[in-house]
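Structure incoming, see below.
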Amino acid sequence: MANSIHIVVEPRKTDEAAAPASSLLTRVNAGYFTICLSLGAQAVLLNTLISDNDRATTKSPIVVADRVLGPWAVLMLWLSLCTLALISCLYLLRCCFHLRLVKAECSDRVAVNFLFVPWISWLLLLRAAPHRVLARLPHEVLLWALVAPIVALDIKLYGQWVTSEKRSLSAVANPTSHLPMVGNFVGAWAAAGVGWRETALCLFAVGLVHYVVVFITLYQRLTGFRAALRPVSFLFFGTPSAACLAWSSISGGFGVACKMLFFLSLFLLASLMCRPAYFKKSVKKFSVAWWAYSFPVSFVAVASTQYAEEVKGAAAGGLMLLLSSLSLLVFVAMLILTALNTDRLLRQNDPSLSFT
Amino acid sequence: MANSIHIVVEPRKTDEAAAPASSLLTRVNAGYFTICLSLGAQAVLLNTLISDNDRATTKSPIVVADRVLGPWAVLMLWLSLCTLALISCLYLLRCCFHLRLVKAECSDRVAVNFLFVPWISWLLLLRAAPHRVLARLPHEVLLWALVAPIVALDIKLYGQWVTSEKRSLSAVANPTSHLPMVGNFVGAWAAAGVGWRETALCLFAVGLVHYVVVFITLYQRLTGFRAALRPVSFLFFGTPSAACLAWSSISGGFGVACKMLFFLSLFLLASLMCRPAYFKKSVKKFSVAWWAYSFPVSFVAVASTQYAEEVKGAAAGGLMLLLSSLSLLVFVAMLILTALNTDRLLRQNDPSLSFT
Amino acid sequence: MANSIHIVVEPRKTDEAAAPASSLLTRVNAGYFTICLSLGAQAVLLNTLISDNDRATTKSPIVVADRVLGPWAVLMLWLSLCTLALISCLYLLRCCFHLRLVKAECSDRVAVNFLFVPWISWLLLLRAAPHRVLARLPHEVLLWALVAPIVALDIKLYGQWVTSEKRSLSAVANPTSHLPMVGNFVGAWAAAGVGWRETALCLFAVGLVHYVVVFITLYQRLTGFRAALRPVSFLFFGTPSAACLAWSSISGGFGVACKMLFFLSLFLLASLMCRPAYFKKSVKKFSVAWWAYSFPVSFVAVASTQYAEEVKGAAAGGLMLLLSSLSLLVFVAMLILTALNTDRLLRQNDPSLSFT
């Protein structure tokens, strides 16, 4: 274990030293898509809350809130689209002018997982988009274009774990390793949404198997990753919620398996909430990695709305309200923090996710 | 691995040396609750056998045995209640006067798991109690009071595995790590019994996920735990049986998943039975840890009665009889051994589970 | 890890040195049954294709191919039977005259897994045999005689993983560790075929649990096994297909769980296909281990026929055709290679699986 810490920490230091005066393109790595992911998750959450109210109409006392949520959801959608388009363009430029950096991301055990984030963000945006907009889009083509890269990356990454001795899972596992599975689950969710049941099941099956593998590996030995990446630990409870949403969409209902995944999420959320000390080290200096605090909470909140719909009752409704508020709170806090730290995000070098 | 053995063995030796003349309270650690657990499991088994006969009435030839089982079940219930009350009082006193020792238990990788045993024992007692007694008790309040500590301990323990580097699962896993999951499963069983389906499902989901994690970790590397603790290895087959009972109670029937868990129990039981050499080292000197031989067999026996009820047939009935007899045999043997070794249990220092 | 490689490589070298002039019997180890397994799997595949056409009769355009497949299937069955009888006899003689070698196989971490192969081969042959032949055989007695050794070996092997420190799973896991589970799954498949539902479920449950354990262990650390054994890595995708066939037979349909196992197979197949470099080292010199390339593909092909039957559609049908052709291609290639290298297989010492 001492050895694995050593491996991780050393190259990082030299990286920082070697890249003191880098341009914007050298700084905007795949990790920046986490911002888009959080925006997209928030848009999906607002969408779910509104359509939930649509169904439950007059019964719910939250109906009044719809007038507030409606415009907020539209705003989120546009904000999400613009940010995603902007960062996608920047990243494309980075691919053209700094291919070396992108290759470095591909071979880094942490950064490679963030390569799944752009596709997840676009999928979430597709999910959050209103039906009348989607009807005009070549929906199926778009879905293929977004799911195919996830499958290709899956084959590259998961295969590497099995066949490569240097990049074996026990050596590379870290909380960001949840991101590929989130990719599979969100892909399955989107595919099930348009009725591609077999594709959805395939994505879900591959994701679930590898989720179990990664979950157990992380439980057994969670060492040797930088304190700056600790926000990503929130994926511990975000991933089962994503799985829960995908399965509920595939099976066409919020059954026992969905509930179990949701309860697992809740337990892991409670477990991390009870450990503020664990996140202490990572909250000293704002970095783009902090955005990983936001979208896992949104995923749990979306799952809780589905749970509340299924179970009905004060406890489930309260839980939904609590988690939705928490999600909003974390999101707004991130927005404000990002606004206050734009300078650091865009001009200074982010040590937590930078590559030379 | 050599390292992990080292870590475990050393503090033990100094403990023993430092506590030569300890009082009764310093000796009665949480491990003593295993006795209550075995008594409770036996009471539940007898209860199940009787109520089974009730349902199958005249058909079964064992009906005659009911006259024997009835009083024996009542006796077990009282014995269980008295022992549990006695040890609970002793342990409460220990908490008051030797808080340092209890804290030492909390931070020991083996002893911390035994902290789940008191709650499991009380839950089993509640399960074994006749309905007319339960009707007079504030059943739901009691259940909350017993399940809440299990959840709290879960959050403390499982969270520690994920976030702490020193106490990561691969460093602390040992057969007693099954006890927290047994807590979850027995809690789920009890909750499902009173109709709290969501609570039961939540406890079961959390328990199952961590059971898979611990099971795989133990399968991969079962090293570095004291030979004196080998009786606890019986939990290998006791835990899936507990899961089986919980799931059968939640799903309201003994379905495919229950059967699979039951067969897993049987296989692991057969597997351990074929390895007498493995238990050789631990059977030299009687210790309170020996009581861990009893309750896992009782759990399998209870599961086998449910299996026999579901499947019906000579093989299933024979299996039920065999396992029930085995459970009774082990239990009576433990009773006799304890009676013969009361002096050692209460006056001498038990090296296998003592804390200074 | 360096340590585990060391352990494996050393005894091998001394083995080779010590057995320069060995007879045929010293060379025919349990690994040679892989040939029979591949023949059997091919026979089962042909059988499935034919009976599939029977059911789909006139609709399918492949009906014409039936006239080709029919005789080919009968030929395969006879070839399979003869080869299996021949190698079984040779191995029995080996047991009589070179018991020391057989014992060495039992204690080798790789060879011990091949001891499951004879029983799997016979079970497959039983499965591929036509109904009118089976009706004349004491089918149930045969099944018991074939399943019992698998269970006995399971208890020996899986128990060793848990209780032995030297032979713990993390030390002995290698791709051949999939073979015991294939044994369980094929056993469950056969048992479900004759209506022994409980036996099938028991074999399946035990197999599935240990499959999960082995799968995760192999994903975490696939090191320290000889390059010559890399063909056995094909079991990565062969095992879930075997599980899929067993479960489809037990549950009486190709449900969601079967589909998920099948998709897992497909993904792992694609994952390995994209890594030709991984198999480079192992394809320099033909050895009997190459036969492990054949039967996993056949298993996936059989699963794909069932999938095509369930889903219906061009994609599923095309997949079935593709996988069946691939299976046939690999099989014929192996036949030709074996014919060309008979001398090496029977006269020279095979370093990949030899024991002194």
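The letters A, B and C name the chains in turn, as written, and every chain counts its residues from 1.
In this section, contacts are C-beta pairs under 8 Å (C-beta built on N, C-alpha and C of every residue); 3 or more make two chains touch, one makes a residue touch a chain.
Nothing here was measured: the structure is a model prediction, and the numbers come from that model.
Enquirer: Report same or different for the subunit A and subunit B interface, where same means the shared residue numbers exceed half of all residue numbers found there.
Expert: At the contact between subunit A and subunit B, which are copies of one sequence, the residues are largely different (under half shared).
Enquirer: Could you report, rounded to a multiple of 5°, the rotation needed to superpose subunit A's C-alpha atoms on subunit C?
Expert: 120
Enquirer: What whole-number Å value describes the gap between the mean CA coordinates of subunit A and subunit B?
Expert: Taking the mean C-alpha position of each chain, the two centres sit 40 Å apart.
Enquirer: Note the residues in subunit A that touch 2 or more other chains, in rising order.
Expert: Touching at least two other chains: 212, 216.
Enquirer: Note which residues of subunit B are touching subunit C in the complex, please.
Expert: Counting only subunit B, the residues touching subunit C are 1, 212, 215-216, 218-223, 233, 236, 256, 259-261, 263-264, 266-267, 270-272, 274-275, 278, 311, 315.
Enquirer: If we count contacts the way the header does, which residues on subunit C are in touch with subunit B in the complex?
Expert: Within the complex, subunit C contacts subunit B at residues 154-156, 158-159, 161-163, 165, 168-170, 198, 201-202, 204-206, 208-209, 212-213, 216-217, 251.
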